[in-house]
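So that you can tell them apart, the chains are marked A, B, C and D in the order they are listed, and the count of residues begins at 1 in each.
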Amino acid sequence: MSGYLYYPGCSLAGSARAYAESLTAVLDTLGVRLREIDDWNCCGATEYLTLSPLAGYALIGRNLALAESQRNGSDTLVAPCSACYVNLAKTDRYMRESPVMREQLNGALAADGMHYTPGAVAVRHLLEVLVEDIGLEELERHVTRPLTGLRVAPYLGCLVSRPDYDRRWARREQPLELDRLVAALGAEVVDFPLRTACCGGHMTQISPDTGFELIRRLVEAADRGGADLLVTVCPMCQMNLDAYQGEMNHHFGTDYRLPILFFTQLIGLAFNLDASTLGIGSEVVSARDALARIGVEVPTVEGEPAPPRRAKRSQELPMPAPLAEGDR
Amino acid sequence: MTAANGKHRFAMYWAASCGGCDIAVLNLHEAILDFAERFDIVFWPAVMDAKYRDVEAMPDGSIDLTLVSGSIRNAENAEIVRLLRRKSAILVAFGSCATEGCIPGLANLGTTAGLLDVVFDGPGTDNPDHLRPASRVAVPEGELHLPAMEPLVRTLDQVVEVDYRMPGCPPESERIAEVVGLLTAALDGKAGLPPRGSVVGAGHSTVCDECQRDRSAKRISEFRRIQQLPALDPGLCLLEQGLPCNGSATRDGCGAKCPLAGAPCIGCYGPADGVVEFGARLLSAFASVVDASEPEEIDRILDGLPDPVGQFYRFSLAGSLLRGARAARTATATRESAP
Amino acid sequence: MSIAPSTSPFEPVVLAFTCNWCSYRAADLAGTARIKYPPSVRLIRLMCSGRLDPAFVLRAFASGADAVVMTGCWPADCHYRIQNVKALRRFELLHRVLVDLGIEPERFQRVYASAAEGQQLAAAFTRIVDEVRSLGPLAWGRQPGIAAESEAPADEPSTPALEGVPG
Amino acid sequence: MTRAGRGAAAPAEPRVGVYVCHCGTNIAGMVDVEAVRDWAAERLGPHGVVVARDYPFMCSSLGQELIEQDVREQGLNRVVVAACSPHMHEKTFRGACERAGLNPYLCELVSIREQASWVHTDRDAATAKSKAIVAGGVLRVREHAPLEPLRVPINEATLVVGGGIAGITAALEIADAGFPVHLVERQPSIGGHMAQFDKTFPTLDCAACILTPRMVTAGTHPNITLHTWSEVTEVSGYVGNFTVKVLHRPRYVDTDLCTGCGICEEKCPARVVDPVFEAGIGYRKAVYRPFPQAVPKFPVLDPESCIFFQRGTCKACEKLCPTHAIRLDQQPEEVTLQVGNIVLATGFESFDARRVEPYGYGRLANVFTSLEFERMSNASGPTGGRIVLRDGVTQPQTVGIVHCVGSRDRNFNAYCSAICCMQSMKFAHLVREHTDATVYEFYIDIRAAGKGFDEFYQRVQDEGTIFVRGRVAEVTDVLHLPEEAKHDGQLIIQVEDTLVGRQRRIPVDMVILSVGLEPQPDAEEVARRFGITCSSEGWVIERHPKLDPVATMTEGVFAAGCALGPRDIPTSVATGSAAAARIIGRIQQREMALEPIRATVDTERCSGCRICNDLCPYSAIEFDEARAVAEVNPALCQGCGVCVAACPAGAISGTGFSDAQILGQIEGILMSTNGTGGSPATEPERAVPA
């Protein structure tokens, strides 16, 4: 497996350290090499672009230029954070499409003797690399502790599959890549329609009532689906759902205790890696009870799928089958 | 016009030519004696001394039959063929160079300047002062003149009107004997002349007509060079063995000597009657039987023809529709890149 | 005599060969729907792109076309089942030959268009004209020095009554 | 090298007439037709043009008479008409020439409308291009040779593919005219989608009541052979003379013995969801008739769901059949049919609503598709006509009907599905008729353009249905707190109400998705099999969308019904009848003239290289081993010209599109049209003022 250029972004060095630790542990196991680009800077988040587009895009473009100059055979730039991923992909796309933008940004970069050739690197999210490049079969091969019996709500957040500049996701409204990955680990995917709904973003700071309601919907939907825990692919989503769950409960008078893990933590558990190397324990809503369901009580055999939760009534009309992979 | 001695007056000129056509005529063997009986040779630089001014002194139309071999490369070639045209009753473009341009015509793939660079400054040439031939050079004795090279090699009919064309590199001697016999009979008034402008000394179909190799419906999955074949099937069509044989589009008349000897036809007899572009016929035929439908696979098979222009235009470039395109583009590119 | 003065912008002449069943009808559809494309594109109808003899393309370039387009049915949608595949094979080989003969690759292109794709065909024509416009005229016959051929006799391919090369 | 082409030599010195059409202002508005006329007369004079005229409408009888008169009086032996596409009026002008005694193939129609006036905006450029097009036509027509059309006999039998209402109509019309018809249907019964419906809009008459008599007539008609549970696997030949292979899938029932009593179906223990006729909300047995009025009356046995085929034991049907008609060892059977014409009435498939994920179909139990609702509202359907939620019991109190699901949506299909406004309003009426529910219609625009349609729209409005103009964003069971707490268990429809200009969240018990119509999933493959073309969506392309809406580009193959695009029942019936009328006319002619565009080999020049031998998909090229030459069988040749372009010896020539004709056209089209010599301002010598 050839190496990938790696853009960690600020969260992975801070609030989402568990993400950084678990992805390192998992990729080491898979033998995938990440090469962190030297001297990277802020991805631009959302603020810069609204204040000063040129400065914002130039900030992002600097990361792309660094990646290009450090390519050395790898031409995929992996970002684990959804916001970083979108910003980098967006800038590359705009530079490919707009000669004006290309000229302006490269003009700005030239101040530091830098240059970016649009399309020089392919910006991709870690989830996509794991599912498409490494492949579910390879992941399954490393699963030594199937997560049988663990019911998981797969949550992508709003940024990964939208706006999807390069049409990488087959079903943008409800991408199933994370579902398939979770299933490959042996866990049960629960019905969770809010895969791509908003986690609240910065609303927790600006308008807490709105933020809490957005968090509530996600937690409530996962709970209704019967989830033991929810996995995310984005540091912002993880923080909102995990750190603000208590305040949300307080606001609505509810008592949800839904653990929020990074998908890499779940993969690490299935690979039978030590929980401490996966950053487990650093979450606010403890995953201890949920994780007790695997590895301890539940035997590690391929189980029958869980029975439907409602008994079928005789007059009930049949439901259509779920849309199969590859259907139009 | 017939000379006082009852002989017809004959001339043969070589323009840009290797001399092979002249040798092919001499190769008539004993028949050359008959030839000498029937013709007064008034001008034939390859075999006898002659002066242009002698030709200039002849009355217009006084030469009964003139064969011109070679393509038109320089001002001298052009001047002499115009002179001969004026002096000749029948002018035959003789051999591939005169009819189609032949090997000299491939010079049109580059510029004259580029050609001179290769010749006068190539790795095998010691020319420290980078001298080039010039059409006028002043020396102490006066000014020397050399005929200027023309920017493009031309076929004879691009310079003067020709009465007949006789293809081949060189034309086969038997065919020459036939044609000379035919024209002699006509000059003697014993037979009619063939229609003006027609091809003489060749057939009306293509080389496959004379080739005895076994053929079936064609599908080519690989083009190969002869040394890449494990063994040459002695009886099977060469094209079907993957050898790029030009026989299917090349006018018959040579007796299919090359393919019958196991060497692919290279196309020296030119196209069949009425064909607009020889190279087009060949490339269309080859491409039609490429056994592939996907672009990648088609590409792979076509990669077996590393020099398609050399394959399809070896003899006909100077007479082809796009004969000057590459020279012109190269010249433009050179001019534009010049400071 | 028809060479545009150097001050006026160059407008290429593009000859497009069309298939009676798909691209010609797409061109008809472009007309019916009043979809615009540059007037420098001129069409010739064949029954199938498989009828396109390489000699037609060479003749077109020799007679003054700045670009030639082969249009036809999409792969596997040929009205004559598989004949567009033969067209494709010839296109590929002819393209190699043309490049070796000094014609820029953009001057000979192929475009697929079903009978319903008037819009797409017009867009392709517009794109090709733009590309060729930026290449400039082919005009190899009028290069300095090359024009020496003009002294050729009546045997020149173009009949004397025809004008020289437009564009 | 000489310029001699390979076409047949012109019989006499060409005398060409050029006729430039104004087409009202269609051409004259963008092309200076007088300038084109004058230019042709002057500059093309050396190429044989002896008369050039313009006329407001060349295709009018006066325009045609102009040509006829010139042919007679001026001895024209070639005609070029510069007007519209040859696909429009080639026959017209050839006819005019023929009436004047000139071989019709000595006429060339060049298009300065579709190719110039309609696609360009610069009058000078369009005029210059028109001159070039005319010059191309003149230099081409010089090389034309007189031709005779090929005549082929028409087989009386017709193949109709698809047994929906369009196919049934076409089959009945042809059969009633006295000619044999083979009607092929993929499903066990004819009837198509219409058989699934309860009511038809806007009259609300019962679908079964009007359809079943026609099905029975088709099933018993002496001139109609039904091939149900069958598919066309191969088509070869050409108009008048197609050979078609039809695969009869095994029914596992001997139809000679079966009486259609239904005991096998009743006794069959395997009960499975019926995704086809019952649209997935009802059940059928492993041996079944899709519905009681099925034609033919014989059941089919589906081995996928049959206990015997899956587990090896059962055979209840075989044991209990009173006439011993069950044949569990039946094999597929292929029959070969000879037909002269073909009607493709292959219909549509409903859009798969699961693809619009935000609408939750397949996840949210009480989201239904239009086809599911059709079956539910049908008295003989799975609920006996009761409008209920997925639990099979509860009547909805509120119903939301969503229009344009999969239609008018660039993510799915850009086109309008034509029937979904009307079917949605029909649903609203039916819900109101059967329940007290409040009904919402969520629409983009109401398209009620048919006869009685808008009146129906008014009626449904009067009945109290609430119309909300806006595209539904989402159907969800995720509630927004606190205001939606009371709607737990219901569905929320999120929509931007564009008439009031705000977002609304409307709670409902039941959602009906009015799904669009899509081509059959194998439409492209079928098109390829029948040698016709489809649009990029997959609908059959008509020969002309307005003037020839049921013919295809392929002679002898017609289309009807929704194979051509979304349409309602009356239009499906109309196109079925229209296709039938076209075919009956042809059969009565007994033979038909085809364009004489064929390849021929000059065997004198053929060297027997065998380059061409493998190039013809119709096997028209034969190699004569004895003479070592190739020959073209004109009966099989379709005139594509591939072998003409391939022949290395130049020994193959093609009529209608000879080298000389095309090279002439190239020369003409590339002729300078804006040079100084031909200034239209000067009075042309040969012009004949109109």
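The rule is short, and it goes like this: a residue touches a chain if its C-beta (ideal position, glycine included) is under 8 Å from a C-beta of that chain, and two chains touch if they have at least 3 such contacts.
Bear in mind the structure is a predicted one, so any value in this text is a computation, not a measurement.
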Greatest separation from chain C - chain, by CA centre: A
Contact-richer chain pair (by C-beta pairs counted) among B-D and A-D: B-D
Length of the line joining the C-alpha centres of chain B and chain D, rounded to whole Å: 56
Geometric centre distance via CA averages, chain D-chain A, whole Å: 46
Rounded Å distance between chain A and chain C, as computed from the means of their C-alpha atoms: 51
Rounded Å distance between chain B and chain C, as computed from the means of their C-alpha atoms: 31
Residues of chain B touching at least two other chains: 157, 276, 281, 284, 288
Residues of chain C whose C-beta touches two or more other chains: 53-55, 59, 82, 86, 90, 155, 157
Numbers and ranges of chain D residues touching at least 2 other chains: 1-3, 615, 642, 645-646, 659, 663
Graph class of chain-chain contacts, one of line, ring, star, complete, other: other
Touch list for chain B against partner chain C, complex: 109, 150-152, 154, 157-161, 276-277, 279-281, 283-284, 286-288, 290, 292-293, 295, 298-299, 302, 305, 307-309, 312-313, 320-322, 324-332
Chain D-facing residues of chain C, complex: 1-2, 11, 13, 15, 21-22, 24-25, 27-28, 30-32, 34-40, 42-48, 50-56, 59-60, 63-65, 73, 76-77, 79-83, 86-87, 90, 114-117, 122, 155, 157-159, 161-166
Interfacial residue positions of chain D with respect to chain B in the complex: 1-6, 604-615, 623, 642, 645-651, 659, 663
Complex contacts: residues of chain A adjacent to chain D: 171, 173-174, 191, 193-194, 197, 213, 216-217, 220-221, 252, 313-323, 327-328
Chain B partner contacts - residues on chain C that touch it in the complex: 53-55, 58-59, 61-62, 75, 82, 85-86, 88-90, 92-94, 96-98, 100-103, 138, 140-141, 143-146, 148-149, 151-157
